[in-house]
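Following this line, the structures themselves.
Shared between the two complexes below is chain A, which pairs with chain B and chain C, respectively.
Coming up: the complex of A and B.
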């Protein structure tokens, strides 16, 4: 409920803006903006991992990681498949059901991509977005191997993600300079790019570039994850870290 | 000692970032907007700056204390607070003050002064004084709503995320109440006090306020404060320590 609240207000704001400012109608349409926010809320629930606080507090500071290190399977795979994915599926599933019902009863309010290959790419892009986010969140949690209080870093990340990740508003409404800056970071590739693909708002010639860049960010964050993980494990002294 | 310093710097940076997020979101959302529900983009930026100032005060004085109430009740340590020879509501609401939020206030004042100067909004000493007085009423209005909601933890001590919900509701004070009026009746019920609390002081500052709006804010403040106080006292009669 809470994650729906702010995007709903912003979505309604844009609907009123378009109503009162016909000059902006050439830039975007009501269906476009409503679809964007509905998809972004659903994808936030489905793809955005929230592991950093848990890893910091339960795993590293309270020593829960010691138990996990003794298990005969990968910590990364366990967290992704058994800790995070079930939450995401349940939360995102609710969102998907709501989107489905809304688009069924109010079809004139939504525009989704009607191309099957593009929907397939959107699903693939969502999977990539999930793992990029999962890698970043875990690395932010792993900083607790060296630092005691991570509130500053976590807060800073959350704030920047809300702004540059397209959570508050579509990046195409930003000034060009800031939009370009955002695309230099991995943040728009977590939910913004999949949202553009699902809503059919991505230019067809940009789609392959988006997917290639997502794969590049997934590789970069995976390599960084391994480096941080191996360095952190050496510094880890269980409870009392 | 080092940890204390790092925490303080952390709070300073964090509060600046959140203020920046509020201001930049409103700035980008009002670019190219001539008018929406009767307000210009610049007037909405003035409202956003007032919200930054307001939240600086509110988070610095009230909200962190409110966050503690579910924890105090859940662990039974609220008993110690009740035993002290001081009003429990006063003590629970105002135990800690966080000076780090002064940065947010200063940032908001800077942006507000910049916009007032840049766009030539006519202000006078009277309008500034009226703005200050009405902002205090707005403060009490939002405090009362927070207290009304937080008091529910007496019956539902596990609802510790209820304060998170209030933080989200605070976002609605970024929009003028005319916006919420257009959304509909349900929004009026839950969000109207939040929007009313800041829109009317903003209108007073810009010389747009009517006497009816001033009366409405004062009336809403008195009613909500009275209700929240009665509800708090009623809840305390049902508080049964850690076993509640």
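Coming up: the complex of A and C.
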């Protein structure tokens, strides 16, 4: 409930802003804003991993990682596919059902992409976003190989993600400078870009650029993941309960 | 000349088991933060290097069951963790089944198991049998082999009902049985057992010992066992490695350990009349004292003369001379090397 409360408030805020500012209504439509917030909340539940605290506390500090390291499977694959993905599907599934029902009963409030290829690209983009987020979350958890208390770093990351990841508001409402800064990071490519694609708000000539940049960030975060993992495993003391 | 070399190589091939585990100058040290309390330590923390394992060398052949003992903090668990691949050695080399454990190749992990008495492998929320099914898939165990192994273990450990419960509903003893089953489902060739009997009652300890002995014989598995219970070592192991302060202080048979290190014998005396403790201290070390019964430790070389003197000078009702037990020998070794 808490995770939909703030976006709902913000959505209502922008709807009232548009209602009371007719000059803005020519640039932004109410259904555009409502669709954006509904999709961003759903994608947030579906794609955003929350592994870093679990990795820090349960795996590294309490020694749960020892059990994983002695099994003949990939730790990365196990976390992504068997630990995190089921949670995401269940949580996002609820959101998708609610979005579906709302769009049936209030079709005038929603606008989604009507192009099947674009929907397909949006799904592909979502998968890329999931793995980018997963890589970043795991690396932030792996900092526990060297540091004991990571709450400051984790909270700072969460705050920056809410700001630059498009969680609180679409980045096209930001000042140009801030929007450019955001797109220099991988954060908008986790849920913001998929949200634009699902709602049909992405410029058609920018779509391929978005996908290419997501692939680039996935490769970068994957390489960084391997470096951090291999360095961390050497420092791992296998202590804990 | 070539015939000599050929014969030697053939002899080695036939009669000497290849080493399953080989450690050469194996070392592990940890960087520990110093205790300095100052603003400077926040920015430039001082770290102290703590050596947990210091250039240990040993070789264990296929099928050996070795006791690996030492006092708390000696480096036993650290060594086992390096052998199983959990820890990266700071120096030296280690090979297990021909692999470098810290690279953790899947082919290696499928042939070993590490059982730590305090840590669990079972999934806390899942019924135990579901963990077994998960392990079956992870280790690619064929279904018929899986069923046969489960039936064998269930009968051996008598856990027919327990395996359908989650571990949180089981007692410690029941959980340990299930942990061992999960760890051995894939019939590993090398077992690292780190205090597997800790916290178990004596009946359960005996069950576990019998099982380990049987597994070793049946599957010719190489087993390294660490334990603080000398009964585990006495009853299971022909070879013992003692480690203290990260250094191996003894590596040989249990029999040889007693022969090499036992410099004392124990006299059990009962008296007809009470004898003060001060009177007895001149004959040897008083291990336990009651006015009419005493346990006296005497140097092996002089035990005959001391026994004769005691019989002559004191009203002895009964005297028994015994070897020092293994616990006392090991305790003396721990203390000698500090």
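Quick note on the criterion: the second predicted complex is superposed on the first by the 239 of 241 C-alpha atoms of A that agree within 3 Å, B and C clash if a C-alpha of one lies under 4 Å from a C-alpha of the other, contacts with A are read in each partner's own complex, and residues count from 1 in each chain.
The rule is short, and it goes like this: a residue touches a chain if its C-beta (ideal position, glycine included) is under 8 Å from a C-beta of that chain, and two chains touch if they have at least 3 such contacts.
Values in this document were obtained by computation on a predicted structure and should not be read as measured data.
By the document's definition of touching, neither partner reaches A:223: not chain B, not chain C. Look at A:181: by the touch rule set out above, it reaches neither chain B nor chain C.
In the superposition on chain A, contact of A:127 is made with neither chain B nor chain C. When the two complexes are overlaid on their common chain A, residue A:23 makes contact with chain B while staying clear of chain C. Note on chain A: of its two partners chain C and chain B, the one contacting more of its residues is B. Legend: residue contacts after superposition of the two complexes on their common chain; A:233 is shown touching chain C, with no touch to chain B. Residue ranges of chain C in contact with chain A, taken from their complex: 30, 81, 84-88, 104, 106-107, 109-110, 112-114, 116, 118-121, 138-139. Chain A contributes residues 1-2, 5-6, 9-10, 12-14, 16-17, 20-21, 23-24, 27, 148-149, 151-152, 155-156, 159-160, 162-163, 168-169, 173-175, 178 to its touches with chain B in the complex.
Of all residues in chain A, only 63, 66-67, 69-73, 233-234, 236-238, 241 touch chain C in the complex they form. Taken together, the chain B residues at the contact with chain A in this complex read 3, 6-7, 9-11, 13-14, 17-18, 20-21, 24-25, 28-29, 31-37, 161, 164-165, 168-169, 171-172, 175, 179, 182-183.
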